[in-house]
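Same chain, two partners: subunit A is paired with subunit B first, then with subunit C.
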Partner chain A sequence: MSDPRSLWHPVATSIDLPQHHIFHGQLLGREVAVWRADDDFVNVWENRCLHRGVRLSIGTNDGNELTCRYHGWRYANRSAGCTYIPAHPADAPARTICNRTFPAVERYGLVWSGEDPVGEPPLVPMLDDGTPFTLRSLPVNASAEIVLAQLRDHRFQPVGALDGDHAAMAVTELGDFALALTATGANYHSTAVFFVQPVDSDRSVIRAVLTDTPADSEQIAVLRHHATRLGQLVALAETAATDQPAPEPMVATIDQVSLALSVMPERETNRSAPLRVQVARKWETAHDIMAFELVSTGNPLPTFQPGAHIDVHLPNGLVRQYSITNGPGDTACYRIGVKLEAESTGGSQALHDTVNEGDVLAISEPRNNFPLRRDALRTVFIAGGIGVTPMLAMTQALQPMGLAFELHYFAQAEEHLAFDEIRSTLGDYVTVHLGLSPGETSAELTRVLQGYDHANQAYICGPGPMLEAARTIAAEAGWPDQAVHFEYFKNTTEIDDSSSFEIALARSAVTLQVPSGTTILEVLRDHGVAMPSSCEQGACGTCVVPVIEGDIDHQDVHLKQTERDAGDQIMTCVSRATSDRLVLDI
Partner chain B sequence: MTPTVATTCADPVILDQWHPLLPLDEMTADNVGHTILLGEQLSYQLDTDGAPVVWLAADADATALPVLVEYLYVWVCLGSPPEALFAIPEFAEPDRRNIHAGTIGVHVSAPRAIENFLDMGHFPYVHTDVLGAEPHTEVAEYDVHIDPDTNDVWATECVFYQPRAATTSTEGQMSDYLYRVPHPYCVILYKTTPLAAERMDVIALFCRPIAEDRIEAHMFLCLLDPDNSETVIRKFQQTIFGQDKPILENQYPKLLPLDPRAETPIRADKVAIAYRRWLSDLGVTYGVIPAA
Partner chain C sequence: MIKLYDYELSANCYKQRLILSLLDVPYESVPVDFFPGLEHKSDEFKKINPLGHIPVIDDDGYVLWDAHAILVYLAAKYDPSGQWYPTGDPQLLGEAASWLLFAEGTTNTASAARLYVNLGYDFDIDVCRAGAHRLFRVLDEHLWFREREGLDWVCSGSHPTIADIAIFPDVVLSEEGGVSRLDYPALRRWTDRVKALPGFTIMPGVFPVGTS
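And now, the complex of A and B:
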């Protein structure tokens, strides 16, 4: 007999998964939460939240994400990666917080899964050749072995002769946990395939499928007939089980969480591009804006949060950052929008002209330096042009939660508006402002940003001048610095790298010299310090390092004014010191 | 002398604790009552002087176990008891109302129940519109320390937005909390009251371990509220704990894992992490899965 853990077993019937339900199943001693997302993907997950072990089956399924009942942690469809931790709404959760998932395939009206199944779920030719009709499943307090032994003696009547009692039975063995029975009598015959799901050492579920669907008028009678006969079998199997000593329960080992997650999350290490994605679709979503749908070429794509971006490593060696536009749970691909820049130095041009459907690109894992709070009473999104892309992901996250938001989308003209298909789902939450002059834009921003109140948050992404204007207007309208979040496309500040100074690494007791013309980031990397980075021009915030002592010459556009004033963090790719020495907390 | 009998609890740290058996006013002189503590069948009765007597049901001699009456409850020890129970000085303040708000059986280990009591992050999700409400979900940074004199775990500077923090609340408030763990299976909460700026209500959970994965939790209150009837106050507490019960009974495993890699902590869990470490340091093995 094969190791049951290497086999596919049914864990649910398809009708156990109505819209937005979470089904609590069990296989080989392990509890699973089984749920169907709105894109029809069936998830089979270990039935416990990684945080405090609460069953996910008592949580909620909104069609895109599963939310734990205890602390509201949200987990994405498909990847089971955590996308939001409400206790820390300003933080992006570590991407690696990911529930254990098991493969799932729907076949013959059943959901198939397994601990570590080999190949595909069983193909049963007599079902493939027929019109399968799934019967009601019955749980049994007996081992699969006992149930299978009882099934070999099981009797039922063929459709057409349900009232008789003497059908001839023929058994066809179909592997370790399945068999087919054919009942023949009064010139009728019916075949039922029985799959026995080993729930635990002393419990099973009988899942039965008729090879042929009875006429509508007969279905109730057929279901009732089989329920009655199987009910008798259950009684016999349970009696047989009580005659035997109780078997030891099966033990399903729970994976340890990673060392990094058991303590504080580790810092990311460098500007790497570990993922390979294929361009599944490329289309012009607006004038001069090309959209790309990127799918994995290997392992499933990592979970991302709204506001996250990826680094795209282009065939010409350039690296560019693009925001992911997908809504929560939409994890089968990443969709990005690329605006063709008039003065492109080769990045957007390459994506528009030389990257085509079917091409493979190297990308970084998603990083989120523009995290979305989901505890605001009102959220105002201000997007200029292609700056709409992170906002699309954010609005799709807030909308199903019923949190109030408004998206103001500024663009030159109708044909410049991107991602119609997402915007159309947002309805009245989107206001489009077309063809405004800088003065008119400021007037509109003043109107939009009036009436700041407690627990309001604003997110701004767009061209530099518009972003500057919006920040100034927000400040004048009484928005506190902490409530105004922004992401620049690029840092247009002229970087002054003429200073030279010393950096001390507090945790490793090392002192290094930063000469003029060299960045802190480069010096750190030259001395073997693994440092994450992304845009390397002071816009994205990836290469931030905490500062313990010293005066900082901020040259980035990532930090808010209050964060600059606090003087306790530095963007190592562009910023420098005005003092002779900086003490860094690394 | 303490009787030495076989017991299903082999953890000396737990055996040597005082455990809350039941409220004193639920014992009578007329009838012998029966209950379970740490897997042991116990019998109890008031003697002719009104003092509680507790003995092992299987003990033919009915040798009296060490008992203590404190904070409305009868406490029993199956091992060598400490001299005194932890102090709750507010109990003796004349304007306080000391109330036994109820006892609820929960199919979970005592440490899981204690950890849940220490947790603010679940308020908006489990105690919706009472102790918390979306979208006010943030758990602000707070401090945790171990008192060097008493070895109690303390969480201080805890603040959480609460729509209806107590029976005396009429509107939402930012509640200030202090948490204190003075005993492996007992926890005390000190909470802002709308009635007095400088003083705090005391709300405690005293768990009686029936088995490793099964408890009865006694809810003890020491309040400044002069107005609400005991019925109203009890109903409030029982509603709150009734919301926790199904969550606790859906936690797996039921024993609290002390291995740091068993579950995923976040900063909001600082006091839970301290409690787990503290249990490890005490050497507790009953009701927990010790770190490997």
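And now, the complex of A and C:
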């Protein structure tokens, strides 16, 4: 007999998974939470939130994410990665926080899964050749072995001759946990395939499928006939089970929290691109804007959160950042939008002209330096041009939660509006502002940003001048610095790298010199300090380092004014020191 | 206003709060120190209900006890549509009466197991749990076939009845008494449907179905 953990078993029927329900199941002693997302993907997850171990089956399925009942941690469809922790609303959860998933396949009206199943779920020719009709599953307080023994003597009547008890029965063995029974009467015959799901050492579920779907008018009678007959079998099996000593319960191994999760995560070590993705689709979503749908060439793509971006490493050696536009739970691909810049230095040009469907690109893991709070009473999104891309992901996260938001989309003209297919789902939440002059844009921003109130948040992404205007207008309208979040395309500040100074790495007990013309980031890397980075121009915030002592010459556009004033962090790719010495907490 | 002699953790009192909320009828909750004070067994309370149990309602001087009897009265009086207690349809009314009696069974098994675990009542816990599973198995099959017929509720009408409300708390709180609903997927789906009713209200241990 094969190790049951290497086999596929049914864990639910397809009709057990209506919209937004979470099915509570068990297989081989392990509880699972089974839920169908709005994209029809069926998730089979360990039934415990990795945070505090509470059953996920008492949580909420909104069609995109599963939310734990206890502390509201949200997990994405497919990947089971954590997308939001309500206790840390302003932070992006670590990408490594991920619930345990099991494979799932729907076949013959059943959901198949397993501990570590080999190959594909079983193909049953007699079901493939017919029109399978799923019967009601029955739980049994008896081992699979006892149930299978009882099934070999099971009797039912063929469709068309449900009355009586004279059908001749024939058994076909179908492996360790399944068999087929054919009932043959004078003029009729029916075949049912019985799969026995080993729930625990002393419990099972009988999942049965008829090879042929009866006529509509007969279906209820057929279902009742089988429910009655199987009910009798259940009684026999449970009697047989009570005559035997109770077997030891199966103990599912609960994976320990991985080392990576139980210690402070490693810092990313460089501008790395560990993922390989293929361009599955490339299309012109607006004038001069190409959209790319990127699918994994290997393992499933890592979880992302609204606001996250990826670094795309281009064939010409350039590295560019693009926001992921996908809504929550839409985790099978990443979709990005690329605006062809008139002054392209080769990045957008390369993506537009030389990268085509089928090409493979190297990308970084998603990184979120623009995290979205999901607890605001009102959220205002302001997008300028291609700056709409992170907003699309964000609005799709808030909409199913019923949180109030408005998206103001500024663009030159109708043909510049990208991602119609997403915007159309947002309906009246989107206001489009077309062809405004800088003065008119400021007037519109003033109108949009009036009336700041408690627990309002604003997210703004667009060209630099628009962001600067919005920053001033928001401050004048009474928005606190912490409630207004910016994402810059690039840092247009003229970087002054003429200063020279000393940096002391407090944790490493190393002191280094930063000469003029060289960045802190470069000096650190030259001396073997592993440093993450992304845009390397002071826009994205990836290369941030905590500062303990010294005066900072901020030249980035990532930090808010209050963060600059606090003087306790620095963007090492562009910012420098005005004092002779900076003490860094690394 | 209706006075409900009430205990927050009581499944039977929750049945009344639930129907009153579903019918949007205002009421005043009069807390009874059921545990540990045993106020319902006091001489004072026995003047209200000589049987010494809750819930009891006092509707402008009309006093009624017994959870399922109160459901009958409240629905008959305060549901002008006549759907929650379908007096206009003899067959549905019969079904509702039958399932109300079934709810006596779930109260005496599933909810009794909960009293044993939570409040230390002296019941035979194995008998309670086995009885609850026996009833849940019947109800799960019943509701599974209802779904196949395109129906959502324990009675055969298209609208829920007080039978759903009488059974729901005993079912939805069963895990507190150590009665798992793992084996009853149709029962779990039905609890989702009850929770989605307009006017649904929760109690400790009963979670809403979220829209978020």
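Please note the rule applied: the second predicted complex is superposed on the first by the 581 of 586 C-alpha atoms of A that agree within 3 Å, B and C clash if a C-alpha of one lies under 4 Å from a C-alpha of the other, contacts with A are read in each partner's own complex, and residues count from 1 in each chain.
Convention: a contact is a pair of C-beta atoms (placed from the backbone, for glycine too) under 8 Å apart; a residue touches a chain by one contact, two chains touch by 3 or more.
As the structure is a computational prediction, the values presented were derived from the model and not from experiment.
*Asks:* For A:69 in the superposed arrangement: first (subunit B), second (subunit C), both or neither?
*Replies:* both
*Asks:* Applying the document's definition of touch, where does A:375 land relative to subunit B and subunit C: first, second, both, or neither?
*Replies:* First partner only.
*Asks:* I'd like to know which partner A:58 touches here: subunit B for first, subunit C for second, both or neither.
*Replies:* In the superposed model, A:58 contacts both subunit B and subunit C.
*Asks:* Considering only the touch criterion stated at the top, classify A:48 as touching first (subunit B), second (subunit C), both, or neither.
*Replies:* A:48 contacts subunit B only, not subunit C.
*Asks:* May I ask you to decide whether A:97 touches subunit B, subunit C, both, or neither, giving the answer as first, second, both or neither?
*Replies:* first
*Asks:* After superposition on the shared chain, which partner residues are touched by A:86: those of subunit B (first), subunit C (second), both, or neither?
*Replies:* first
*Asks:* Quick one: classify A:256 as touching subunit B (first), subunit C (second), both or neither.
*Replies:* After superposition on chain A, A:256 lies in contact with subunit B alone.
*Asks:* Which residues form the common part of the subunit A surface touched by subunit B and by subunit C?
*Replies:* Comparing the two interfaces on subunit A, one with subunit B and one with subunit C, the shared residues are 31, 58, 69.
*Asks:* Which part of subunit A faces subunit C closely enough to touch in the complex?
*Replies:* 12, 15-16, 18, 20-21, 23-26, 31, 58, 60, 62, 67, 69, 136-137, 139, 203, 205, 219-220, 223-224, 227, 231, 400-402
*Asks:* Touching residues of subunit B toward subunit A in the complex: what are they?
*Replies:* The touching residues are 115, 120-122, 124-126, 134-139, 246-247, 250-253, 257, 259-268.
*Asks:* Would you pull the subunit A residues touching subunit B in the complex into a rising list?
*Replies:* For this pair, the touching residues of subunit A are 31, 47-48, 50-55, 58, 69-72, 85-90, 97, 254, 256-259, 261-263, 374-377, 403, 455.
*Asks:* Where on subunit C does subunit A make contact in their complex?
*Replies:* 137, 141, 144-145, 147-149, 181-185, 188-189, 192, 207, 209-212
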